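Some structures to go through are shown next.
In the two complexes that follow, subunit A is the common piece, with subunit B as its partner first and subunit C second.
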Partner chain A sequence: MKSQASVTEYLVLVMMIVIIVLIAMLLIFGFQFFTVGSEQLKGRERMSLFLLESFISSTALNNLQYQKGSVFDDSKLTVASCEDLETLLGKGWFAEIMVLLDESVCYDQPAWKKNKCLRDLRKQASIVCTKQNYPFCNIWRFCEQNKGDRMIYRSIPVNVYRKMNNTLELGVITVGVQTGG
Partner chain B sequence: MISVFQIFRALMGVIVFIFVITFFLRISDMYTATQIKGSKMEMVNAFDYVAMQTYTSGNPATFPGFGDFETLVYEPPKIKSDAGQHTLSVPVFFVPGRGEISMERRCLDFGWFKWCMVFAFPAKSKILFTPIENTNATRDLILEIVENLPGSLEYGFCNGADARTANKGEFLSYLASGAGVTYQPCETQLPEYCRLVTITASTDSSSNLTENHIIINPSTRLVSEENSSGGLESRPYHDWMDIAVFITGGVKALDYKKAVFSRELAASAGIMHERSVLVSQRIKECNIQPCLECSTPFPTPCGWTDYSGREHESGIYHDFISSLVSLKNAISSGNYHQLLEDTASKYNELKNQGCE
Partner chain C sequence: MVAIVIAILMIVFIMVFLFSSLLGSQAGQTLKSEYRNLYAHNMLLSLLRTDTQCGVMSDVLKGAYFGGGKCDSTQFMADRLPSYISSILNATGHTDYDWFMEASPKNFQGTVLAFGNPVVKESLDSWDARTMITWEGYQLEVKIYVRTK
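Up next is the complex of A and B:
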């Protein structure tokens, strides 16, 4: 009876050692998976930054009067399709460029011109650009994101050259890169 | 007297000890291998990141190197190593090697279209030239190639058994002096990270081809290297970049460059074509009704209609659009280089007229 109890006691001890070993293993591999996951996320963040830089420096979208790049050409943005840009920049992203419309520029104009200026400005507010409505629009969207996609977003201010009225306007570009989750 | 239980306990102790030790050894072995592989992959990712930065910013960069790798092969766009394979995010023409890797961006600029790539060479790389027919045209070709290759490399001539190198500045000034030396085929043993470039119009120059040795034939505009079966594999070249890419990675690199270049050219030509049509249409509307949206009327030759309503079918947007259409149609055939030059000159005309 006593020796049976000792055997049981011993087996319990062995089981506990095995459990401790398994827990140690789980912790080590759990940490490993965590590290891999965080590396992937870091990679996606780098990719979103790269995408932003590529957009800004792309000659396919920039106005070529500005040698250093960083100025989008509104007419190129209007005709560029998602497929074209995926060929140039890769897949798994979405982008939106919005020109910020500043009504205060109209207030400086003579009274007879002010109303037309405001009317024109409001006509293009929050309108996605197409070949039909160009240049009366101020938003360009590329590669629509699917609902439920997990993305990393980045936004920075940019310049947009409005070809038809030869002006430089301020806008914001937002890019999102899928995190794969 | 030892009881049965004590024997059982001793045996179980030994078994459990062996099990635990084996288990931990295997785990630590796996863990170490995974960690090493992870850190190598991280190194490849870092290389990709430095290449991306160089590509987008245009600033030269240095990568500390791939010291711990046992195997490292570059088959563009993939880096294959003992840690696995990784596809680079930007066009990189890379000569794998130990030690520091220098990266520099180079671009082809056609006005409306600019294509850039990154050269990545081990810092101590050398390029030796053997111009068998040492003519002015050959020297101009060498000048064009070297001017566009990274400044961190050493350049030189190989004449028979004599091989000398210098830094880029010294080499270019020596080349400009145009010393009229007659060159013999190179017979020297090539050092590590050295490429030998023989320039000759002779067609039987393949007999002494060795590893890391390429031949440029300016008369046929072909670049050649030795293939795996010992024969000669050639490709046509169109500009200095084709030759420079061939020097870094031979046939595979040049095929990759041409594929990426044509793909991006097709996409950019598509955008530029549609954009030029859109702009010329709007300019036409603008010039008919100037107060529509244009604060500055465009010069008459840009559009198809002038203020008096006269059609300008030969407006230079029209010419540029026609040349873009021809280019787009020719890209798939691969025979588009003259048309590309044509679009570049038409675009330049648009700029000179104030339309762009």
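Up next is the complex of A and C:
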């Protein structure tokens, strides 16, 4: 009787352990299933950071006088192409480097000139660079994506070296990574 | 005996479950922190290297602290620094950021030059970047603090 009772106890124990293990596996895999989406998003965010860091340290795009990086050379930006950058960085991303023009140069002007100054500056600020209009432009775009694509965007301040004037201007780089789906 | 074993197994599995969810949330925080640090560092570096009507921004700051410079450096910093930073925050889509910048002596006695909202420095959830400017052996530590409003 006693041994029969202990066998039964043993079987109950094994059954309960199996049930607990199954429940735990269901919990863990269920959790993993629900976190796949957020993991994918984190992967995209990591990619956006990687792109930013790659751009600001790239010798192909930066002015090498500034060893700390984050100084884009406007002539290098103008000759670089999406295809060149995709061979280094892969596909599924977008980048834009924009010079921030200093509107305060217009504030010192007489009132009647100020509005025209601001209008001209803002018009100039929105000109996308090509080999034909360089250096009279302020935005460089690489690998433009379709408008319908869902993207994660990240932006940081940078400098842009203007070769013609030998000046360093304030700018911003924005990268976008496709989230897919 | 059975109850003890079951209890131990349940505790182990719950700990595994909690640990994996904790790891997941930590990874997200690390990425956010990395981006914020990069942002603050680049904001400070880029600002100080920018050419302005008054000269390179770092030279203007030196002029505001030690005197001299192409123009009224103190007035220029007070007037133009906020607008430069404001244009950065607008262009990067971070109008929700608040900032504070200060230049303080590192290897000598002197006052502290400050710009922006001082509350940001004291805030527990702010992040910062720092760099050094040198002039005739004097070192000025320049720090920028940023936080979400």
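As a working rule, the second predicted complex is superposed on the first by the 129 of 181 C-alpha atoms of A that agree within 3 Å, B and C clash if a C-alpha of one lies under 4 Å from a C-alpha of the other, contacts with A are read in each partner's own complex, and residues count from 1 in each chain.
Just so we're on the same page, a residue touches a chain if its C-beta (ideal position, glycine included) is under 8 Å from a C-beta of that chain, and two chains touch if they have at least 3 such contacts.
A quick note: this is a predicted structure, and the numbers were derived from the prediction, not measured.
In the superposed pair of complexes, A:134 makes contact with subunit B only, with no contact to subunit C. In the superposed model, A:158 lies in contact with subunit C only, and not with subunit B. With both structures placed on the common chain, the touch criterion links A:17 to subunit B and to subunit C. Judged by the touch definition given at the top, the superposed model places A:6 against subunit B, while subunit C stays out of reach.
Look at A:44: by the touch rule set out above, it reaches neither subunit B nor subunit C. Legend: residue contacts after superposition of the two complexes on their common chain; A:167 is shown touching both subunit B and subunit C.
With both structures placed on the common chain, the touch criterion links A:105 to subunit C but leaves subunit B unconnected.
Overlap of the subunit B and subunit C contact sets on subunit A: residues 17, 21, 28, 35, 39, 46, 53, 167. Subunit C meets subunit A in the complex at residues 1-2, 5-6, 9-10, 13, 16-17, 20-21, 24, 27-28, 31, 34-35, 38-39, 42-43, 45-47, 49-53, 56, 79-80, 83-84, 87-88, 91-94. Residues of subunit A touching subunit B in their complex: 3, 6-7, 10, 14, 17, 21, 25, 28, 32, 35-36, 39, 43, 46-47, 50, 53-54, 57, 59-61, 64-65, 73, 75-76, 78-80, 83-85, 87-88, 90, 120, 131, 134-136, 163-167. Residues 9, 12-13, 16-17, 20-21, 23-24, 27-28, 31, 35, 38-39, 42, 45-46, 49, 52-53, 56, 66, 68, 70-71, 98, 100, 102-105, 153-159, 167-172, 174 of subunit A are the ones touching subunit C in the complex. Residues of subunit B that touch subunit A in their complex: 3-5, 8-9, 12, 16, 20, 23-24, 27, 31, 34, 38, 42, 45, 49, 52, 56-57, 89, 111-114, 263-264, 266-268, 270-272, 274-275, 278-279, 282, 286, 293-296, 356.
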